[in-house]
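We call the chains A, B, C, D and E, going by the order they appear; numbering starts again at 1 in every chain.
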């Protein structure tokens, strides 16, 4: 399959890039989520090319299957039309110049960053992808997780706990709050 | 001997007093006042004991107490006195006592006032007694901060602005000096802040000439701020005008002297070549101080502003004495710090008395007060003459010593400095004339003179001290002399080969170009 | 492994136990929220015992991924103290939290737990995860008062910016990993100290630096801080300004000294420049502020500049200075926030102008604030002074005379706005009613203790100094 | 295919993500863009893992996915409240605090 | 008691009186006066004891004693006494005339509110003046020199509630300060010249050796000596009220009259002359300096005398006269004879003190100072008038009064040394006679314009008058001139021409005044209108006061105001406030960056990343 690798690489790369471009370019978050799903799938294909099979599977399961669905749920919850990107606010002339600069920066900066990356990548000694005998099987990864990466593994569980906790805390029902009188902001 | 470990108590007693005052309930104001006066009387007594027990035949440190503190950094609790320190301690003891006495007119928040006052007193004592650069600096900055609330809460006109300006200005000087002090610590490579060790080593050429040249101005101008070296003086008149009486007294009397004291103690001892290089510039600036301050004083209408500018002017003499870098002038400077401290404090105390009675300090509004308040008038006239360098007062002796010394190094500048005395007499007598002399103003019929002994005491004490040391200067000079002699020995040994006189006229350009050079090129090579 | 796993992890284990206990109490009993806070405070207080216990221990666990040494313990002391005092502050803030106060304290406890792990990490990915752990809980805490527009705005801003910076951080880690071949500190250090690194290594390093720069609010990554500090609930602001900043500096110290090494890559100059710019931005920006919390946001940016100054020196001494400064800053800043939270509750406003005449309303409160502000301003004999003294000394030592002078000048600028606050409290009469503010026993005791420690550690610097010394030595 | 190919792909993704975060005025799209950036990092981790012949990179990418999940969860929670409280998802409309 | 010890005691007695008087309660105030007198009498008695050998006609053995005062390496300052014939003579004058005036004051000031203050001040003056006289070194002399300035200030301003008195005291002190400014620099110069660094001394005996040595060391040193001596002389200008620093003396007449007698006529103003005599060995090293001294003295003599003619205040007339006579003394010394200067100083002390005391009696009786309001006093106060006439006689220089001898010495000296100055001096004799006769004619002769009944003062005031009158009359026969120059005096004879000319000028002056002021009003008025411009100049004191006023008002005060402005605007606002404002402004600009918009923040953040990466990687890739 070696000879086909470039074709697959370029194809999936292109899909990933195009997908992400659609994410940032369109106005409707729903399209964005769908485009991102495509990107994720393309990325998982790239992972397969790199023989990171487990990661590829997880990528599809978690990202496409869980995270992006979460996004969709939220969008549905809030209503499709409501989440659409709003029009530009009017700004005063004084602000305009400053904001225009920032707007140009917003386009230029990613480009500049990418250029830097390319320059540095090219300056670094080029190296091929290694011997390719590394295979990211479930077994091998499980082995690594419980030896060299035990601490981060445990810590990630903490992070997930916080994620759950956060959602619970932030979205608890208002009525419960009103039992003790609503919060009054002290910082105004 | 009792005096063996007496020196730490100069700091402890006021600090303990501050603690004690905090424990007294707020409504017992008289008690707070009495405790404070008693504590300051006790420190004054200790100061006198130390002064009398001081062995004026040796130049070394006396009453030394030495304890390790943070030994990894070379910080130790090291206190002691030399001939200069003992004089300053006596001065501060006197003034803090008198300041406490005249604080009877403070009428609100007395507890906080005396707490802060005691902290102020303690930290100034700390500076005069510390032999460790770290503690020296610690106490120095600690002395600055109580001034802010003291002026801001109990001050008079423009107090908030004045308090802020004064505090920031002096702190700026302090932090500049801090950078210099740290450089000294690091450049020495001895890992010690101990002034005694450093000064011993400095005699053997511990610091390179290059280092001294850029480090000295940090200290000279950093400490120069608090001693109101021109053009860093502008906090001073406005600060004094706003401050409550006792604070003006301590500030003009002692705090300003801290700058000179520290320049002597640190720059002259540790950085002799740097001092020598920069002193001509200081000499020129201090002449500006003298004349500028004096003339500006002449245009003032507020009594405190007059004295404020007067003290700016007078500090010029102290700088001149240092700049001359010879023993006569240096001895004179130390004596001058003492004499001027007493005199300036006396002036502020008397103005405070007048202000308490009349609620004005504007000269044209007063007049003919000598009839109603003869005691205050007599004291003020004495202070005015002391200020203008009349023989019989300690100020004359010190000024004449400075002139004799400075004459050796900067004859032309000395002539200008002497002219300053003429101007001084002009504005002081102008004030006496328009405040105390002239037709009595019916508005001030009801003024009360200081009658009770306790009220008279601070003024009388200060006048008496001025006179005693004016007639009998050796009493102080004997204590100072060996120290200044030892201090300048370093200079003599280093500069014996160099040309004797720096031309006072070529002053400035060379120094400034050097400063610019170091600002551009930094000091990195130095430390590497 | 010199000591057994459980002994080394005693503080973390204890904290986890405490969290579970609090969670249990919250879920299964009808314990009053205030009592729950007191319980947590007590628990954290007892945890100091475990820290004292592990203090002399050295060793590692979990395959060398978890390290216990003086630096870790030193930092854990700060984290624990910050957590404890944040809870004391929260106690004064309870009525704004409604019935979710238990969630609030649990998040703070969790955050402290994350910080504990952070102090002990020995690889980049754990470092990233623990930082992310803290940040995630702080997103929630910041937006905690969700109906309050300020809190919500702060939360959103923090979240978006934090996530962006995390991505940058992570991207940087990937390059370090790729060029060094490992995420273990020792392994990376070997690569870093070799003569020729890949440009991508440097690239990764700078991205990591940016990510950490965001956490510590260093120039030019500091823009979020004022808004988030101002909008967050006051206890969170306190926690952000102390614990989160300390976490950032923990990461920075680890990256610079343990991962890169003090002599490699010549990073000292970068940090020095950032330090100077941060100093200027924080202090100059603070000059015109009218809101107390926003003022403290700027001031904490300024303090980040001083903290960076010690690091810029790149020496053990400089690191020691930074660590001392961190502790001093933590004590002083938390004192200030304890006062702010009490004052805000009573004055009904967070504007500086509302503090007028506070000295009349509560001399004790005003006095504590006074001392805290002076300590932050670096006035002797308070602990903040010695911290500044050390970092300035470190800068001079390194030869950054300009930086030391800039730092010195900034002392004056900062003094200006600190003194302005004192001016409002002491020089001006109260605006409206001058009724006395009554303090509870807990804040009274805490303030007393904090003021005593600011003065005490300012005069007897040796204990903290030597502790910081030992901590700094572990990385050299 | 060399390492550089993968790195450049990840760079492009990162830059696009960064642009999305910087330029889009919708919190949900910003969150999506952050996902893109995190995935760019993931790609780079996995590519380096292959290059180094080390499983670590792949393991790390798993952690990243978990972290991203948490982050998204919290982010979306905040987005929901934001919308509920203020009726908009435009971050630029929030500037109560400035200066 | 050794002689040195008695010298110390002379100094001590007035000091003790000064210190004790404030302690006396107001109720027993007369005790204070007597205490002051006692101090002075004791000083006088001791002086006589020291001077006794002179009275016996034996040569006087001078002696010197000192104690250390300030001791610093390279600067030893002593406190010492130097008693030689010069100081003995001066001491006799000071204590003798002083005793008389102290005694006189007992009565004169009896009713005054500030009685004790007055006597304390007088005692302080006596102490300082004696200090000047017995000083063994130049700096010590300077110290007492300043102290007499202080006592003069206090005594002139005795009636401080009167604006004129308060101003006059200030003016006197400050004018003296200007002179002393030069004096101190002169002292410093002399100190530098007085030898190697360690051996320097300001002791007179020492200076008399070292300065000539310095002068001889190099030809170029002469100019330095001249400079130093002129600077010392500037002190004399102030104290002895020589042109151009003479302006304070007429104003000083605001003080009580005995003070004018003692301080501003007999002793203190003569201290300048004493200083010239004391440092004469040094002055004589510089002919140029001496010449300037002589010309300034001569000029002051005639300059002051002309102004005396138009004064109406009895004390002011005498004050200008004092100026003029001091000019004589200074001129005499400038012409090379300290002895003659001192001689005139002595006789002048007698008759001028007498004149002032007489004037004091008149004022005491009439409460009037304007001579035009007096008239006919000779009949009402005969004793006072007789003594006044005697003193005037001496002042003009008629034989056989003391003034005749001393003034003739001066005139003949001038005749020998400098013809121009001789004519100036001689013409001044005419002027002297003119203004004194005018005073006598207007105030003492003619008809009285005072309504109330006048009394001669009591014995307490008359006794000093009588004593001084006797001395003024016979002072020329006491051999005072021999005290200072026993040998040299007989060497040159007074030219008859000089004596005759002086007497003729004197008589001429008397006659002119007699005829003019006895004449009718009409003639006087016509004369006055004819000479109105000149009279205006004289009345305005040659515009000297106006000149100083202008200097102060248009130069010094604006300069002070300018500096005050500079302080406010440039230093405070410019340097300080603008720095603060700059900091605040940069803070303001920074706040602009803080827009509150997330994406601006993010852009800045990312910008920072890009820049950081650029600076530390890309920029270093291709160096």
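What we mean here is this: a residue touches a chain if its C-beta (ideal position, glycine included) is under 8 Å from a C-beta of that chain, and two chains touch if they have at least 3 such contacts.
Quick caveat, the model's predicted, so the values are computed rather than measured.
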Go through the assembly and pull out the chains touching subunit A as well as subunit D.
C, E
Comparing the two chain pairs, does B-C have more C-beta contacts than C-E, or is it the other way round?
B-C
Closest chain to the protein's overall Cα mean, using per-chain Cα means, please.
B
Which whole number of Å gives the spacing of the CA centres of subunit B and subunit D?
64
Counting in whole Å, what is the centre-to-centre distance of subunit A and subunit C, each centre being its mean C-alpha position?
29
Between subunit A and subunit E, what is the gap in Å from one C-alpha centre to the other?
99
For the pair subunit B and subunit E, the C-alpha centroid-to-centroid distance in angstrom is 36
Shared-interface residues of subunit E (touching two or more other chains) are 591, 594-596, 598-600, 602-603, 606-607, 609, 613, 617, 621
Shared interface positions of subunit C, touching two or more other chains:
125, 129, 132, 136, 139-140, 143, 146-147, 149-150, 156-157, 160, 164, 168, 199, 202-203, 226-227, 230-231, 288, 416
What chain-chain pairs meet the touch criterion?
A-C, A-D, A-E, B-C, B-E, C-D, C-E, D-E
Touch list for subunit E against partner subunit C, complex
580, 583-584, 586-588, 590-591, 593-594, 596, 598, 600-602, 604-609, 611-613, 616-617, 621
Note which residues of subunit B are touching subunit C in the complex, please.
69-70, 72-73, 75, 112, 134, 137-139, 141-142, 144-145, 148-149, 152-153, 159-160, 163-164, 167-168, 171-172, 175-176, 178-179, 182-183, 185-186, 522-524, 526-528
Could you please specify the touching residues of subunit C with respect to subunit A in the complex?
62-63, 65-66, 93, 96-100, 103, 106-107, 110, 113-114, 117, 121, 123, 125-126, 129-130, 132-133, 136-137, 139-140, 143-151, 179, 198-200, 202-203, 230-234, 293, 344-345, 349-350
What residues on subunit C touch subunit E, complex-wise?
156-157, 160-161, 164-165, 168, 199, 202-203, 206-207, 209-210, 213-214, 219-221, 223-224, 226-227, 270, 280-281, 284-288, 413, 416
As the complex stands, subunit C meets subunit D at residues 125, 129, 132, 136, 139-140, 143, 146-147, 149-150, 152-157, 159-160, 163-164, 166-168, 170-171, 173-175, 177-178, 181-183, 226-227, 230-231, 288, 294
